[in-house]
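Pasting the structures in now, so scroll down.
One chain, chain A, appears in both complexes that follow, with chain B as partner in the first and chain C in the second.
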Partner chain A sequence: MNTNARVLHATLDLLDRQLRDRHGVLCGNVDDLEVEHAEDGRLYVTHIVTGAGALAYRLRRRRLGRWLNRFSNRMADAEADRSMIPLVLASQIGPAIDLAVDAADLPTHDGERWARVHVVEHIPLRGRRARD
Partner chain B sequence: MKKVLGIALGVLSAIGGFVDIGDLVANSATGARFDLNLAWVVPFGVIGIIIYAEMSGRVAALCQRPVFDLVRERLGPRFGAGNLVASFFINLLTLTAEIAGVAIAVSLLTSVNYVLLIPFAAVLVWVVCWRLPFNIMEQVFGLMGMALLVFVVAVWKIGPDWGDLASKATHPTVPNGETPFTYAYYAIALFGAAMTPYEVFFFSSGAVEDRWSAADLGENKANVFIGFPLGGVLSLAIMVCASLVLAPRAIDVAQLSQVPLPVASAVGRVGLAFAILGIFAATFGAALETSLSSGYVVAQYLGWPWGKYHPPTRASRFHVVVLASIVVAVLIGLTGVDPVKVTEYSIVLSAAALPLTYFPILVIANDRRYVQDHTNGRFLNAVATLYLIVLVLVAVATIPLMIITKGGA
Partner chain C sequence: MRATDLLAHHVRTADGRSLGRVSEFRVVQDGPLVAGVQNAFRIDQLLVGRGGLASRLGYIRGRISGPWLIAAVFRGLERRTNLVDVDDIDRWDDDQLLIVLKPGARLDHPA
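Presenting the complex of A and B:
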């Protein structure tokens, strides 16, 4: 267990906060949290859960949520569950949460990529073509 | 110079946002139908929007978070989602009305049926959102909207008995032939026209994008304390014009084209040209704000990249939502639905939905974790709480009044 844990009011200080990647790009919200019982009896937040599936799950559309999550992992050919981000990757927790990841690797970016490739890039005058 | 540019944000919000198709229709219609018996609602609404916009601008400057981001965080995803659906739908109605307003303004000059012009108006709006330098457009439409000052000139030209006007405005009664229900319904319409939520979505998102900080709080105050009262004066001038010219002739405002009639009769052709230019600028500016707002609310709720300064490839989903909203608004407009009715429903429903976004902002403006030492003062909190009570009463009364009066008929 990570001994650098901070005491936070998880529902107030973490849930529904904005996530930012290492370049400051907005990349979803904290849609849910994964917590673990430690030996000392306390609860520790281990993962930030993000993505449409996680949000649907939290909105009590559990089956839809699980399906969306499986769908997003399958589309990305991911082995692990991509919606789970280890909390140790959160470099700063404030009004927004800065993550040491690239937005493009998160499930929340799938829709962005789809919208760019299938819609935006077919429309003229769109400006500079982005990477990836 | 930067200060001057910053004030332009407030002026656009005042002209394109405060005076938009909602104010043009509501002020004209109530002036023609109720004389000045509802004039008191305008200053009441102006104070409301000043409080609401100042708080959200301050919150945006100090924690770099726009309204809808905070709505979800404070109300939770469930209530936030309901709020999102309601706000998005009302915003879409407003967008439909604004685009129709742009088309009508152009049709007054070209005598082409406005329905045919709706797609062209929408393409213009979309191109600005998509690629044109937004700051310049903001200033252009802000300045063009000043043409609405011709309504003030018209009042002065007509030269009414000012004492009589003042006494009418300060002694409101329910006029003969109207019921207390229609009176209340149109009071809500005027209130909703003054205090439209999209103005605040746009204003606070703009503040975040322009990277406001504590140093910009003065500018925030200047924007709302100069910009919105200016919009209020224009609104009142439109109402007074209608009460002086249309009311004595028993003309009801059923079309947007009737709004500039008093100017035409008092100031003549040049005045009419100014009025049409002003209506075009106000509705176009508001169409920009509402189409961007539809993207803002969705993107901020879901944590997507958003913003008018991002090229579409950097905020693709945001731009797709904006584009889709414009397309849907055009389709609604092309059905030939009455733009005045769409406007009336949009402002009345706006008023009903106000507590949903006003309440979280009021809470956050008192929370040191978000605004540090810049929490609301005691006086502001007293007034803001009074408005919260009024907003809740309005929200409760709106739908029943809509049914009883059959939409203000």
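Presenting the complex of A and C:
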């Protein structure tokens, strides 16, 4: 092992940590991690998984988790799985994890966005904040 | 595979002795360079057995030492925990959530 390499314990240092986007906006938590078997036979943690679907999957509601994930991606018209953030985009890992992505690209606030576009904006006499 | 699935695996030695469930895993950032940005995060050790709570509270490898009474309880829990090197894994069975170690695999205890 390279002695200068960063060493982390997954459940202690990564899982449930707060995520912040490139502008410092809070954008969810680390709900799970994606682990892959590489061709060299080794195991690598490749992605942070976030969003309601990932949390449901972790809480052993796997069917619900997969459904929520599909629903979230469909709402955003996204082809790629938006709940997966490459771990190499984590610019800093500490009490919070800073990401080199925009919060709008993540599924964390999909429910709020959907409600704003499809419900709140159609309410007559809605306030200025709803339009914004 | 998700970390949730990895943490659900049970570990057995080559002679069939059960060591318990994976409760934590250690990640080292010394893998190949990914997209020219950072090194990949390689899993190098599994913590197996009843030390999950201790590790989640930071009572592992002496990171937190007090209050002394709680630290003593968790040190006792850690003694029942085994550190398994990933290179000592012989077989993964993701359907049965089972990891079988190679004969002669070294079992360490968290210090």
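Rule of thumb we're sticking to: the second predicted complex is superposed on the first by the 101 of 132 C-alpha atoms of A that agree within 3 Å, B and C clash if a C-alpha of one lies under 4 Å from a C-alpha of the other, contacts with A are read in each partner's own complex, and residues count from 1 in each chain.
Rule of thumb we're sticking to: contacts are C-beta pairs under 8 Å (C-beta built on N, C-alpha and C of every residue); 3 or more make two chains touch, one makes a residue touch a chain.
Keep in mind it's a predicted model, so treat the numbers as computed, not measured.
S.K.: Scan A:35 for contacts with chain B and chain C and give back first, second, both or neither.
M.R.: In the superposed model, A:35 contacts chain C only, not chain B.
S.K.: Who does A:125 touch here: chain B (first), chain C (second), both, or neither?
M.R.: Once the two structures are laid over each other on A, A:125 reaches chain B alone.
S.K.: Considering only touches as defined above, state whether A:115 meets chain B (first), chain C (second), both or neither.
M.R.: first
S.K.: Name the contact category of A:87: first (chain B only), second (chain C only), both, or neither.
M.R.: Once the two structures are laid over each other on A, A:87 reaches chain C alone.
S.K.: For A:58, select first, second, both or neither according to whether it touches chain B, chain C, the two together, or no partner.
M.R.: Both partners.
S.K.: Once the shared chain is lined up, is A:17 touching chain B (first), chain C (second), both, or neither of them?
M.R.: first
S.K.: Is A:27 touching the first partner chain B, the second partner chain C, both, or neither of them?
M.R.: After superposing on A, A:27 lies in contact with chain B but is clear of chain C.
S.K.: Tell me the contact category for A:75 with respect to chain B and chain C: first, second, both or neither.
M.R.: Neither partner.
S.K.: Do chain B and chain C touch any of the same residues on chain A, and if so, which?
M.R.: 15, 58.
S.K.: Sort out for me which residues of chain A touch chain C in the complex.
M.R.: Listed in rising order, the residues of chain A that touch chain C are 1-2, 5-12, 14-15, 32-37, 42-46, 49, 57-58, 86-89.
S.K.: Where on chain C is chain A touching in the complex?
M.R.: Chain C residues touching chain A: 1-7, 23-31, 34-35, 37-44, 47, 52, 55-56, 58, 60, 86, 92.
S.K.: Touching chain A in the complex: which residues of chain B?
M.R.: Residues of chain B touching chain A: 63-65, 69, 72-73, 76-78, 80-81, 127, 130-131, 302-306, 311-314, 316-317, 319-320, 323, 370.
S.K.: Touching chain B in the complex: which residues of chain A?
M.R.: 15-19, 25-29, 31, 50, 55, 58-59, 95-96, 108, 111-113, 115-116, 119-121, 123, 125-130
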